[in-house]
Amino acid sequence: MPTTLGELARLVGGDLRGEANIPLIGAATTDVARNGEVTLAERPDRARGLTASLASAVIAAPNVDCGGKPSIVVADVHAAFATAVRHFHPPRVPVRVGVSPQAFVSPSAKLSRNVEVHPGATIGEDVTIGAHTTIHSGVRLMPGCVIGAGVTIFPNAVLYENTRVGDRVVIHAGAIIGAHGFGYRQVDGRHLLSAQLGNVELAADVEVGAGTTIDRGTYGPTVIGEGTKIDNLVMIAHNCRLGRHNLICSQVGIAGSTTTGDYVVMAGQVGVRDHVHIGDRAVLCSKAGVSNDVEAGAEMLGAPAAPLRQAKLQMAAVAKLPEMRRQFRILQRQIEELRGEVADDGDDLSTDKAA
Amino acid sequence: MPTTLGELARLVGGDLRGEANIPLIGAATTDVARNGEVTLAERPDRARGLTASLASAVIAAPNVDCGGKPSIVVADVHAAFATAVRHFHPPRVPVRVGVSPQAFVSPSAKLSRNVEVHPGATIGEDVTIGAHTTIHSGVRLMPGCVIGAGVTIFPNAVLYENTRVGDRVVIHAGAIIGAHGFGYRQVDGRHLLSAQLGNVELAADVEVGAGTTIDRGTYGPTVIGEGTKIDNLVMIAHNCRLGRHNLICSQVGIAGSTTTGDYVVMAGQVGVRDHVHIGDRAVLCSKAGVSNDVEAGAEMLGAPAAPLRQAKLQMAAVAKLPEMRRQFRILQRQIEELRGEVADDGDDLSTDKAA
Amino acid sequence: MPTTLGELARLVGGDLRGEANIPLIGAATTDVARNGEVTLAERPDRARGLTASLASAVIAAPNVDCGGKPSIVVADVHAAFATAVRHFHPPRVPVRVGVSPQAFVSPSAKLSRNVEVHPGATIGEDVTIGAHTTIHSGVRLMPGCVIGAGVTIFPNAVLYENTRVGDRVVIHAGAIIGAHGFGYRQVDGRHLLSAQLGNVELAADVEVGAGTTIDRGTYGPTVIGEGTKIDNLVMIAHNCRLGRHNLICSQVGIAGSTTTGDYVVMAGQVGVRDHVHIGDRAVLCSKAGVSNDVEAGAEMLGAPAAPLRQAKLQMAAVAKLPEMRRQFRILQRQIEELRGEVADDGDDLSTDKAA
């Protein structure tokens, strides 16, 4: 049974602008919304998209001109639209499984109350798990891991021995925490692996993306600070110490022993060399290649990375370089001519110089 | 027992050029083929490799000069050589397991006929699986997934809830489909995750490489169009909509809400920013960094990316830049000299100007 | 109970410099060491870090000035410090599980003596495993794999059919060996997968990092040479043949059929195109984009890659390019002026030229 626009306005706590009895059957973004669906417009520049959209109504911010489309005006558009989406497509309520008898749980593991362990997960010797934590199928917690409360570890993630995970951490599927660091020394022509005695520590509220790898420290921990969020397929090498509330986007690579301050942002495919420090609130733009310390607050672009304004000037100059080369060759010719002419003149006028 | 060249010619349906009774015991590419093996040469420029090759015979295209090596001439060399390889090393016939009693299958899951579910796979609540589909060991299909017919999902791939997979899709080992998008807003100095109410939809004949991650949409689906092939370790972010028959090579990263047309090609390690559109048949060369819309048919190179011809001119100009700097400094000196000389001349001749 | 500095000196076989009865309770690197802990200083430039460190003692190389801190002097600081770390935090002794009855082992698999197979691992048909090899939970060995002796395969790694693994190889968690190569031909507007008849061969002492993918060859093997070490999230495409003792750092991508000599080093995020050869002991610096053969011993930087010295000159020239453009425009103006003046002069003096 459809929901009316009026009912939806009440549900999301917004102001109705249009007829209350318009029937709605779904919620979708403007480009894919169909007739009978409500869409969203959180900024004035979304107005153009509304005109072309098939949506029957809009959840909009107060400053958006909806061009006559029936709307519900709210302060927090994303929160209200999420409520609408959940109303039309209620998310699944996870079935509680407790500790599945089909999981492989060591007798020496200590699980707190309300822990969920799905079938086929492995909980190694001496692992401890805090309350209300969920361990999905295929997760491997190797011996000695210490997992906090309210943690979620999605399927097939692997935590090597002695990994420490703070409260409310989320680790996505296929992430690998605590593998050996890539440190070798050459002896008799062969690469010998360095000591692998450390572990990985994720502070509270850290999130680790799918397929991301974080290697253990050589002697002590590799550390990810509180609230830092890491996207998919990121590589963080041995002995790194990331600060708090960093945002590390997809496919970033951070080499060994590098440290970051708080609120650092690294965009996609950034590479940072080993043993450098990235200061508080620094921003590394996508694909930046950083091989030196970066000051707090700096914004870096390019490979090799330079401060944003400088890098943009360089890139603009490179874009014009082929034209500059053409002009340069013209100048060379002109100077050749000038030198010829001045030399000719000199024959007449400045014989003392030529002497 | 060896196969003779004559028997092999009949097997692959080719024309024999040489003695029929040459015994063959294997098939390998020219650089590694040993005595007694047949190799292949599909283009005239492969002739050089044949001379150095230890192979005893060649499956060759009509326009290849085999330099006297016994050969079998065919129109489709790769098809014929594949037949030869299969003849000498018959591929394994997969053992049929049906739905393994050692798999973890929810009672509410609906499996069509001839579905294979290997030991240790997890099929969540309300999952549906089409006919002749194979789910390998360690695959995790979270609740609500809808899998088509003739699909193969290789070991340890993870599909988050409500992922939709079209017919004949192939998902390689360790791929992660439907993890949370990397979208945050900052509240009181902490990053709060955006809504994660969408899912991922893979259309028919899509292939997803090993370790690749495709994140769910915020409110609706992230979509991969029919026939699009994705290589290993690719990252496709939330809300992306890829068109049909794209080829996305290894380690490409595509940021959130970006869309592509049909037959787009992205080479290895390309990065594309969020909210842009890549037109039909556009080609992004390896390591390109794309931060703007790309027109249909365009070929882009570099970071920041530029149209291919322009980018190559830029790169050539940069390669010559150190030499240009040297010449530039010579010009500067010459102009200084000229200015000096002309100024001297001016003293004599153009006193009206200096006045 | 603490260990005294004197006891520790005897344990690591070093010379005591300071009071023997100083009590020690742990070992940590200088930046994180606390009071009561021993730290390390393997090079003279570590002396500065010691001054700031809270550590109570140092394991130091003979040429390090410890600034008065009690120390133990040894020749091999890392070996001695690793001994100290192990003393204070003894590593776990792995619990031996034998072949777990909760693993999925095909009756046709052949396991040598002292093989460990953890719960939830899958050993396919006709797999053979050498002595003293450990297969962790969730590992999938598909049919026909041949695994050597003394091998360790960490959790959730996947080896497709017929993968061959030499002695003492280490494969980290989530690595995917032997997935299909990314080779297609277009027929009637659809991409058709090329033959996938080959496999992957890892020679003795190879190490493969977490989440790394190595695709099978088209007709024969993709080969990784003896002693080559591969970091996390690396992609090695079909038909590649890597030499011996290479070091391939994180997030490197090597396209199809490329070959390397011995002792090649590729730093993080390097990309190498298909069908090229990288000579012995060549070094590809981080983020290099290599699309041509590289000579033995060459060091390459940049994208497109150039020999190190040349690439650095180019990068330095690009950094100065915006300033060069400004100077260039000044030159242009000066030449305009000169041409004007010389033309004026010419009116007076060189009328024969103008004629």
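Letters A, B and C name the chains as they come in the text, with residue numbers starting at 1 for each one.
By our rule, a residue touches a chain if its C-beta (ideal position, glycine included) is under 8 Å from a C-beta of that chain, and two chains touch if they have at least 3 such contacts.
Going by UniProt, the chains are A, B, C = UDP-3-O-acylglucosamine N-acyltransferase.
Please read all numbers here as calculations on a predicted model, not as lab measurements.
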**Report entry** Copies chain B and chain C touch via same or different residues, half shared test
**Finding:** different
Requested in this report: In steps of 5 degrees, what rotation angle do you get fitting chain A onto chain C on the CA atoms?
Outcome: 120
Report task. Let me have the rounded angstrom distance from the C-alpha centre of chain B over to the C-alpha centre of chain C, please. Result -> 23
Report task. Note the residues in chain B that touch 2 or more other chains, in rising order. Result -> 120, 138, 156, 174, 211, 233, 251, 269, 303, 318, 321, 324, 328, 331, 335, 338, 342, 345, 349
Report task. Spell out the residues on chain B that touch chain A in their complex, using ranges where they run on. Result -> 104, 120, 122, 125, 138, 140, 142-144, 156, 158, 160-162, 174, 176, 179-180, 182, 184, 189-191, 193-195, 197, 211, 213, 215, 218-220, 233, 235, 237, 239, 251, 253, 255, 269, 271, 273, 289, 291, 303-304, 306, 310, 313-314, 316-318, 320-321, 324, 327-328, 331, 334-335, 338, 341-342, 344-345, 348-349
**Report entry** Residue ranges of chain C in contact with chain A within the complex
**Finding:** 27-29, 32, 40, 78, 81-82, 85-86, 89, 91-92, 94-95, 102, 118-120, 136-138, 154-156, 170, 172-174, 205, 207, 209-211, 227, 229, 231-233, 245, 247, 249-251, 268-269, 286-287, 303, 315, 318-319, 321-322, 324-325, 328, 331-332, 335, 338-339, 342, 345-346, 349-350, 353
